[in-house]
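Labels run A, B, C and D following the written order; every chain starts at residue 1.
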């Protein structure tokens, strides 16, 4: 088993593997996004309660979901890099952070825009939006910590520890915010209540969620491949690759 | 390896001695707590009704910031004079030494803040029936906050400008403690039962006291391994 | 297609600006997310060639 | 009986600069190994690797036959002293309090007399309760060195131990190192100071490769 695990973690092997995966990820994510968005924007009837503004759900929910999954991926990569000292896992952690932060930012912006026509204010202290805001702060903490170190390897290990501590705390944070929200605001208006939307309208959502997940994978692979070339620049296989280009 | 209890006492005594020798380091968070609480009436107006309603939230947020301020240089002086290096080299597990360090730090920062809080509660016109819950929630809460902040302090110990960065790292992790802590006091002020949030805070305190030293030990090793 | 005319699609009974603003920002962000590593790769290849020529030549 | 320290194929780098490649040496009881080399040649890093502080290296390092990455590290920690550049003292505490704490860190509780003997050995008799802040730099360095005599150890790792010592203290330290090696201890040290002819002295040159 160890040989397989070791092979899997060698940057060169991963570079080749990701080379074959990239086009598929790109095609699937673009296709799923385009079809899902077109379907959600143009073909689905408006929600009887919220009107057309509910169409923002097709990008808001996937962005929040993938941002959360991205953080958990970061924590897992961090654990792997801490325990087995695999460089690849450290690269995944470093590259996933900015993408996750961008998606969390998207979830917040689309949530705020969605709030305006629906509840008249740009910012609604709804349970889910507040949790996504805290998730955004967690991402900012990871990136700030990584940038603060000069020695990049120490930066990776410190960020891995923070990501693990963050991941352990995410359920507690999400649950405490839910508890806090129910304390002050009986759940009359809330994003979490969107399940009241007609199931037939949720079908495009599955497409856009798939699209966002593949998109995350696509951009992550692009960034990790750049990182591999940078860190392995003094190796023979990178030299041959560069000169053969 | 001689008797662990003696080792524990010597380690704890050293931490308390070092802090007690620098009085100002203990007094500063308390003065910070006092001054910032006094700012709110100046900013919001002195009307008792307004202040009473916001007192639990204000007290908890300012206590939280005071703990954050007190935790900034937690490991830095040991890092600068080389004693932290000896701790890393010690056969005594780093989990234990970190646990002792943060407990001693809490005894001289979190606990005094808690004991001072009734005075400030009165200053902010908070109804007295909320004070027992305030003491309980701050006692448990500052323990949770101290251990979370200690993780941040350990992560930034090797960095020159840790202060602002520390708050970026740990403030999001303070959210649950703040929610349960201030809710417990608000309920007590309204005469409602506040045992649920206090129980949750107690559970978090146990969890962080047991788990945080692992992260602190890992973070201290990282900062030395470069 | 739910909407009869393109104008109706844009207006979306008054919610159009919000919906299109949200989709516009999302589209811009996603494009930036993809473009950034692609641009970085081209710049990196140029740097690496220089790095290799220097180390190769030494 | 496996050697006290067995280093095979050690290579390490810092900031992408190779400091040592495939370094191998052994250390037995009674040896004094002096690590030489120009500044920045990785002398301090080598000591930090041996002490288990710096783990970014390749190679097989064994302490009494156990790998330093595994059980060997814990065994070594309780049987060795590492003196870094810094004083490892809290200036607000007295030598007695500092040494008590350092002994506890080594897992041992020591009585007052043990501390007094150690301080007497380094010529600081009677200074037990003077806060270290009021001691001179040389005296503070002596308190740091007192730790070597407070808790018995089989291995000393000394990084530039002669810095900030007056000439008389330098001679004394040289004597202590000789005494320790003669009594079966092993020492690895870095210094620019020209050591006299100590029995069992060997040197290892780094850098410049």
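Criterion: a residue touches a chain if its C-beta (ideal position, glycine included) is under 8 Å from a C-beta of that chain, and two chains touch if they have at least 3 such contacts.
Everything quoted here is computed from the prediction, not taken from an experiment.
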By C-alpha centroids, what is the most central chain here? B
Return the chain whose centre of C-alpha atoms lies at maximal distance from the corresponding centre of subunit D. C
When the centre of a chain is set as the mean of its C-alpha atoms, what distance in Å lies between subunit B and subunit D? 37
Let me have the rounded angstrom distance from the C-alpha centre of subunit A over to the C-alpha centre of subunit D, please. 48
Distance from the mean Cα position of subunit B to that of subunit A, given in whole angstrom: 32
When the C-alpha atoms of subunit B and subunit C are each averaged to a single point, how far apart are the two points in Å? 44
Among the residues of subunit B, pick out those that touch two or more other chains and give their numbers. 225-226
Can you pull out the residues of subunit A that are in contact with at least two other chains? 151, 153
Which stretch or stretches of subunit A touch subunit C in the complex? 33, 37, 41-46, 51-53, 55-56, 59-60, 63, 99, 102, 105-106, 109-110, 113-114, 116-117, 215, 218-219, 222-223, 225-226, 229-230, 233-234, 238-239, 242-243, 245
Can you name the residues of subunit A that touch subunit B in the complex? 82, 134, 137-138, 140-141, 144-145, 148-149, 151, 153-154, 157-158, 161-162, 164-166, 168-169, 172-173, 175-177, 179-180, 183
Quick one: which bits of subunit B touch subunit A in the complex? Just the residue numbers, please. 151, 155-156, 158-159, 161, 165, 168-173, 175-176, 179-180, 183, 200, 204, 211, 215, 218-219, 222-223, 225-226
In the complex, subunit D touches subunit B at residues 51-56, 74, 77-78, 82, 84-93, 97, 100-109
Looking at the complex, which residues from subunit B come into contact with subunit D? 1-3, 6-7, 10-11, 14, 17-18, 21-22, 80-83, 85-92, 97, 224-226
